[in-house]
Amino acid sequence: MKKSVNPKRLFAIVLSLVMIAGLFAGCSDKGESAGSAARGSSASGSAAGDAAAGEARPDTIEITNVSYDPTRELYAEYNEVFAAHWLEETGQTVVVTQSHGGSGGQARAVIEGNEADVVTLALEGDVDAIRKEGLIDEGWLSELPNDSSPYTSTIVFLVRADNPKGLQDWDDLVKPGVEVITPDPKTSGGAKWNFLAAWAFSDQNYGGDEEKNTQFVKDLYANVTVLDSGARGSTTTFVENGQGDVLLAWENEAFLAIEEHPGEFEIVTPSLSILAQPSVAVVDENARKHGTEEVSEAYLEFLYTDEAQRIEGKYYYRPSNQEILEEFSDVFNLEIKLVNITDDFGGWDAANEKFFNDGAIFDQIYAREA
Amino acid sequence: MPKRAMGTNTGRSIRRRRNQVIPGFGLSMGVTIFMLSLIVLIPLASVFVVLSGATPQEIWKAITDPQTVSTYKVSFACAGIASVVNVVFGILLAWIITRYKFPLRRVLDGLIELPFALPTAVAGISLTTLYSDKGWIGGFFAKFGVMISYTTIGITIAMIFIGIPFVVRSIQPVLEKLDPQYDEAASVLGASKARIFFKIIFPEITPAALTGFGLAFARAIGEYGSVVFIAGNIPWKTQITPLIIKSKLEQFNYTAATSIALVMIIFAFCVLFGINTLQARINRIAQG
Amino acid sequence: MKRNGVQLILILLGAAFVFVMLILPLITVMTYALRQGWETFAEAITDDYAVKALKLTGFSTVITLAVNTAFGVFASWAIAKFAFRGKQVLTTLIDIPFSISPIIAGLIFILVFGRIGWAYPLTESLGVKVVFAVPGIVLATIFVTFPFISRELIPLMQAQGNEEEEAAALMGAKGLKIYRRITLPHIKWALLYGVILCTARAMGEFGAVSVVSGHLRGKTNTLPLHVEILFNEYKLTAAFAVSSILVVTAIIIMILRNIVEYKLKKEEG
């Protein structure tokens, strides 16, 4: 009996090996065929797909743009415009694959192996995290104009129609009985702007006293009834489920919410807010590997052209080109005073350390009440 | 076969004897271990690979951080309550589906897997809408001053939602196999319905119910997508452990994230192991 | 069977539970999906990317089912029919994927196959991309649904006992024959339940897949991920419309299963 067991065990192992190998083969075939189809079509005739882009340009080139959440419509339109431009310029068809998700998570995915050619993320800090891993060359921030942010946004208040609580500025939000909805800056990168904007308001209005600032944000977050994990969750909480009196939101997202529910909400611009600068960069290592450096750079540079700036404005991002921004003065409140992360907070590393890392100010304001 | 005598035998002698009778131990065991290792154990081991780069103090600090500990309480308490509710209603549902004929029974049966098929985010949003103070159910309770969405009650509800199929589908096959003539005979002999249920049916389905409990519980503590919308995520009050893991990852703190994950894995392992052992013991008694 | 008071109460109680916990959320989904009319609904579900996502979901579900069914059959045989040391440990290890937070389930594959993972140099030299590509999605789906089928079979096979198989074996029947003739007829419904559960869960799995997918539109987006992206783009209606495909598919499978089961059982007498 014992003898007959051994060959069977062997058989079992062989069988399962074959099965698993088959699975892997099947999957990788699939995975590769997707990749090689793209690259294959780029290799006109001969197998020049992997070869460096060199002299002859392939007919088709593919790049991946890893972006953050509500930029899909912007890039859907932009990609078409850019492809037309690139075709005219070089005779090459460019196909852009988009990826959207939470900004921090997207940055992590690139670090963990998602092979983006360009990243267009919500925070400079997220792009910089990729640089720290050596995927983006040093000095990316000054590679493109305006700290590599072709468009900006800011933090505004979204309130219910006719503003029943009369909320006009940040100091209204700390009053007792006002319910505030904002996401958790520890899980949502975008929510860090909200916190910093509130801090900046207090800093400028209460004499720059750290203790007063801390108390101010503490009072503000004491009024927060739902601290969603992401910006989109907060919007749903406020818009769909009717929670709270005010939502702290990116300006472009506030506009999107109004678009979905016309007449139900309005935007209040506070006296002071923060210049939210989404950052863009070429992921140099991946672009080199794919031979897409040229097109990737052109892709980002084109974001600064007048045509592209107008598309950005159309999707409620503030164009970085002042002249074109003026064209949208009926959409955006241009009176708002904006602080920015570099001058007022000493950059993201400093801000994260001071406010958002474990045990820093944000954790302190939520220290256990007991 | 004299089962009782077997129970007193050593494991070794059981194995030898069983092996001689039923074929396929080597084959099935080989495949099982191999696939388990490849798909579950080896990937899981990477948690330890990451943790091996950290000092014990770092790990300890991450898992005993007071705010993190407060999330364990929320996650485990809500999951526990949700699983108990699920067992009660799971038995009830499995019972009426297998034993009674009523209109739309098959539709009801078909709805049980719904929580699996619904993407968790969608489930979360729907439940939150439904149970918020502006929603159909939440609005009703709000009149009595009971808030459901954004409280621990809401978290529990979401956990009940995702766990119910486990319990029903664990119990259902056993009930179907259980011959109804069994209890009909008993009722002819004059036993009351309740007595039949607790004396005859209940012991039969206990192992399956335990399995269902364990699975529902394990799933509930790990669940993220559907719970995170209905939880208010207020630190110390309505934050769940998976959210803390996410926030650690957001800070690129893999050590802390995996440490906390390990705590959850170990805890779940203990619960499931306890249940499996209990179940095996019950089986042995039932057969003996 | 005659209806009596207790029965009625039990049925009503069960129906009430199902109504509140399952049907109302379902209605909520459908209301959202249709609140901007059929046109938006149809647009959302025939969108190019939605169709691609559907195909990928189908592909990974089929592979997952094949792998997990094979595993379930072997594992349940080994565990239910034999006594051996460490059985409880083994059973519990099989259950582990249930208890792992989806975020972690995804993360472990990143830690193995990702750029920071220990198997990365190997897969890179082979030119295979595992995570942020289709294989990673399939692996993550297999992982989260790994125990489903075996967990359905084990309790039932244990409750069944070994007498029949032992008798058949003593009479000289071979393994496969015993399985087909004796074991399978007893467990086929449980196996079917397991397969259905596994299908539903594999189709709907979001968390783990989300971590390993990279969200590449048209390439590595499954249906649930597509739903999430729509949601994040403030396309709530479209998001719910697409998820209604998942839900309706699931319910249809469930009802079909029920009818098949009913017919077959009737034939068996």
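As written, the chains take the letters A, B and C, and residue 1 is the first residue of each chain.
We adopt the following convention: a residue touches a chain if its C-beta (ideal position, glycine included) is under 8 Å from a C-beta of that chain, and two chains touch if they have at least 3 such contacts.
All figures in this text were calculated on a predicted structure; none of them were measured in a lab.
*Asks:* So, comparing each chain's Cα centre against the centre of all protein Cα atoms, which one is closest?
*Replies:* Central by C-alpha mean position: chain C.
*Asks:* Taking each chain's centre as the mean of its Cα atoms, which chain lies farthest from chain B?
*Replies:* Greatest centre separation from chain B goes to chain A.
*Asks:* With centres defined as the mean C-alpha position, give me the chain B-chain C separation in Å.
*Replies:* The answer is 15 Å.
*Asks:* Roughly how far is chain A from chain C, centre to centre by C-alpha average, rounded to an integer in Å?
*Replies:* Computed value for the inter-centroid distance: 32 Å.
*Asks:* Round to the nearest whole Å and give the separation of the Cα centres of chain A and chain B.
*Replies:* Chain centres of chain A and chain B, defined by C-alpha means, are spaced 36 Å apart.
*Asks:* Enumerate the residues of chain B that touch no fewer than two other chains.
*Replies:* 19, 24-25, 27-29, 31, 35, 125, 129, 246, 249
*Asks:* Would you give the residues of chain A that are in contact with at least 2 other chains, written as numbers and ranges?
*Replies:* Within chain A, residues 236, 240 contact more than one other chain.
*Asks:* Give me the residue numbers in chain C that touch at least two other chains, ranges are fine.
*Replies:* Touching at least two other chains: 67, 70, 117, 139, 231, 236.
*Asks:* Within their complex, state which residues of chain C touch chain A.
*Replies:* Listed in rising order, the residues of chain C that touch chain A are 59, 63, 67, 70, 110, 113-117, 120, 127-135, 138-139, 210, 214-219, 229, 231-234, 236.
*Asks:* Which of the residues in chain B come into contact with chain A in the complex?
*Replies:* 19-20, 24-31, 34-35, 38, 65-67, 70, 125, 128-129, 132-135, 149-150, 228-229, 232-236, 243, 246-247, 249-253, 256
*Asks:* Please give the residue numbers of chain B that touch chain C in the complex, ascending.
*Replies:* Those residues of chain B that touch chain C are 1, 11, 14-15, 18-19, 21-25, 27-29, 31-33, 35-36, 39-44, 46-47, 49-50, 89, 92-93, 95-97, 99-102, 106-123, 125-127, 129-130, 136-137, 157, 160-161, 164-165, 169-170, 172-174, 176-177, 193, 204, 207-208, 211, 214-215, 218-219, 221-225, 241-242, 245-246, 249, 254, 257-258, 261, 264-265, 268-269, 271-273, 276-277, 279-280, 283, 286-287.
*Asks:* Please output the residues of chain C touching chain B within their complex, sorted ascending.
*Replies:* The touching residues are 1, 6-7, 10-11, 13-15, 17-18, 20-26, 28-29, 32, 67, 70-71, 74-75, 77-79, 81-85, 87-104, 107-109, 111-112, 117-118, 139, 142-143, 146, 151-152, 155-156, 158-163, 165-166, 169-170, 174-175, 178-179, 186-187, 189-190, 193, 196-197, 200-201, 203-204, 206-207, 223-224, 227-228, 231, 236, 239-240, 243, 246-247, 249-251, 254-255, 257-259, 262.
*Asks:* In the complex, go through chain A and note every residue touching chain B.
*Replies:* For chain A paired with chain B, touching residues are 1, 5-6, 8-9, 11-13, 15-17, 20, 104-105, 108, 129, 184, 186-189, 224-229, 233, 236-237, 240-243, 352, 356-358, 363, 366, 368-369.
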